[in-house]
Amino acid sequence: MSDPIAEAIARLRARQGPQGDAAVSPHAEPSVQAVRMAEALLFAAAEPLDAETLAARLPAGTDIPATIARLQEKYAEAGVRISEVGGRWRFETAPDLAYLLAEIREEPKKLSQAALETLSIIAYHQPVTRAEIEEIRGVAVSKGTIDLLFELKWIRLRGRRRSPGRPVTFGTTDAFLEYFGLAAITDLPGLGDLKAAGLLSSRLPANFDIPDPARIGDDEDPFDDEDSAHFHLDFLEGAEEEREE
Amino acid sequence: MSDPIAEAIARLRARQGPQGDAAVSPHAEPSVQAVRMAEALLFAAAEPLDAETLAARLPAGTDIPATIARLQEKYAEAGVRISEVGGRWRFETAPDLAYLLAEIREEPKKLSQAALETLSIIAYHQPVTRAEIEEIRGVAVSKGTIDLLFELKWIRLRGRRRSPGRPVTFGTTDAFLEYFGLAAITDLPGLGDLKAAGLLSSRLPANFDIPDPARIGDDEDPFDDEDSAHFHLDFLEGAEEEREE
Amino acid sequence: MSDLFEEDVRFEAASDAEETGSALILDIEGWEGPLHLLLHLARKNKVDLAKISILALAEQYLVFIEQAREKRLDIAAEYLVMAAWLAYLKSRLLLPKPRPESDEPEPEMMAAALAFRLMRLDAMRAGGEALYERQLLKRDVFERGAPEGVRSIRAPQYEASLFDLLKAYAGTREKFAFSTYEPEKPKVYSLEVARARLSLLAKRLTGWERLDSLLPGDDELGPDAPPPASLMASSLLAALEITKDGEAALRQEAVYGPIWMRGQEGRS
């Protein structure tokens, strides 16, 4: 990427610049403050800055190439450096340290609304079957959403409902609690809390209620860990069937 | 604005850290390369980095606090500096150069008096319940206020108070610390003074065993203590019922 | 009408306002609650909140509320509750020292507690302001403009907070709650319909007919038929009305006996 020779030449030229131009230009050596200012501007800028932009911000009469040269000198041995791209300057990581960044550039992903809704319904209504989730949401739950929540280890299979077809039920995991900073599932805010926080309208119908997530489903046969492994396959098949019904 | 004394102490502490621990810790002085690496990582970071992240990327056995202290020293006079927010570190521009960056400067939206008071109460009293906020302010908390603070991502639900009614509690977030440039919640302005003055109890101190005017529902005679206790229970039962509706 | 009295009051208020137009303007809305008003009054005295005379403060508060009431400003109940409490506290504080035996707390204690609450509210206010005195991100200090994306290893992979989760849940449930909740409309046989129908019938009646035999049947009303009680009630009222208008005649021979109706034109 970088060309050390070109760099050295650039640095030399930058350093020589003010000397060479000394007779023509009335510029003084850049002040410490001017260098600090250029440093802050280049740091905070969202894109590389050109000489005009810098000149407009630095004290009048500041020698921009000399200021840049100063900064380049200052950062010559540092973990970052000032590089020139298309006549403009920017900070960048020293090339020998680029490997440090390679594996860790990751934008935080946004969880889809469908995933958030599904997850929240599982949290509040657990143990809950897929059909029940769909009834609450009013739309089908895609397999991708459930898969993602499993992948994130936020939901688990809890057991099978003792009802026709014995559908599997979902619940949340300890990882879910940890991620969302809950000490226990019973810490989820209740109806009154949601109203108080302005999340729910205070004029909801009287029969509106929120289940207590702490309740133990006594109409289901819980999985133990071993079952869970077995049933995972069942579940996937079952889920397919359920959707096709 | 900035507190040079606190800063100086922090810097000193960071610098003394490795020396004081020298007997215990096998850490060597951070190598030049380790300092460069930390510099590159912090420069490239999209968010403040914690010690754990730095330790994972720097050569094994690097003394992270000492490395940070080295960098802080290096940048002490520069146009950018390293600051600690919420127990993590970030590069930021020197505050005296804020005027230079006027174009990207965001005038913070002025919080309403109610929101500001509520935020302050949550910050100083956390974990704090809604009832406690209302007791301190002497008025009901409007829905919009809590909602706004949530949207700003400055407050979060912390859990539930282990007390009758199990009310949810609020606290501040890392984003709050980052926005206000606080290294830790213990760095809140004047925290020590307020503590010493006993002003950080959300309930009245035990020796103030009095009826509370804000708690009186209608035009009625002040409670004596016994009534007060009853009223309190009534209130909690009421809250229970509401939740169960 | 009979609300002369009320008009009188309004009139008085209007003239009052004219006469005392230059008097102290009271803006009760300027304070969020009695505690905020008290704090404002205390602040105006420019004294140390810890040393403030609660007696003097109570006095000022009561004067303020009194003035506000004279101006007939709407005063929220909570302000009046505080006024009542302060009046009570004031009287307790003014009582001579050896007080009658009582379970009630010492007034000095109550005063100290109020002073404490004022100090605490003041401190929280100051705390909030002090936060904005700090070096704020994007106002006083700036992060790297073009970060290269390094993140904390413990940084969450997804931008989802508990609040987002709760919002999603509340949104889903609310949407559903409102979309399915429709209060059932009470089924009522309307008076207008009954009247139009009976007045038409009355013209054709040649002799006395029992009113209940004239009620509309299920075939006429369809599946959404109102309950018989409503049919009877509306029809009876309609029958009375058309009788009053001279379109029909009604008669009942005994208490709870059947009601008979005949058209006026049918009389011979």
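Letters A, B and C mark the chains as written, and numbering starts fresh at 1 in each.
Just so we're on the same page, contacts are C-beta pairs under 8 Å (C-beta built on N, C-alpha and C of every residue); 3 or more make two chains touch, one makes a residue touch a chain.
Just so you know, these numbers come straight off a predicted model, no measurement behind them.
Remark: among chain pairs A-C and B-C, B-C carries the greater number of C-beta contacts. Chain centres were defined as the mean of their Cα atoms; on that basis the chain farthest from chain A turns out to be C. Distance from per-chain Cα centroids to the pooled protein Cα centroid is smallest for B. With centres set at the average Cα position, the gap from chain A to chain B is 22 Å. For this pair, chain A with chain C, the centres built from the Cα atoms lie 44 Å apart.
Taking each chain's centre as the mean of its C-alpha atoms, chain B lies 37 Å from chain C. Of all residues in chain B, those that touch two or more other chains are 41, 43-44, 91, 93-94, 101, 104, 150, 156-157. Shown for chain C are the residues in touch with two or more other chains, namely 142-145, 148-151, 153, 155, 161-162, 166. Every residue of chain B that touches chain A in the complex is listed here, in rising order: 32, 35-41, 43-44, 57, 77-80, 91, 93-94, 97, 100-101, 104, 130, 141, 143-144, 146-147, 150, 156-160, 166-168, 239, 242-245. On the side of chain C, the complex with chain A involves touching residues 142-146, 148-151, 153, 155-162, 164-179, 181. On the side of chain A, the complex with chain C involves touching residues 40, 43-47, 90-93, 100-101, 104-111, 113, 116-117, 119-121, 123-124, 136-138, 152, 179-182, 188-189, 194, 197, 199-201, 204-205, 208, 210.
Here chain A touches chain B in the complex through residues 32, 35-41, 43-44, 46, 57, 77-80, 91, 93-94, 97, 100-101, 104, 181-183, 186-187, 189-193, 196-199, 206, 208-209, going by the rule given at the top. Interface of chain C with chain B (complex): residues 32-36, 77-78, 80-82, 84-86, 88, 103-105, 109-110, 112-114, 116-117, 119-121, 123-145, 147-155, 161-163, 166.
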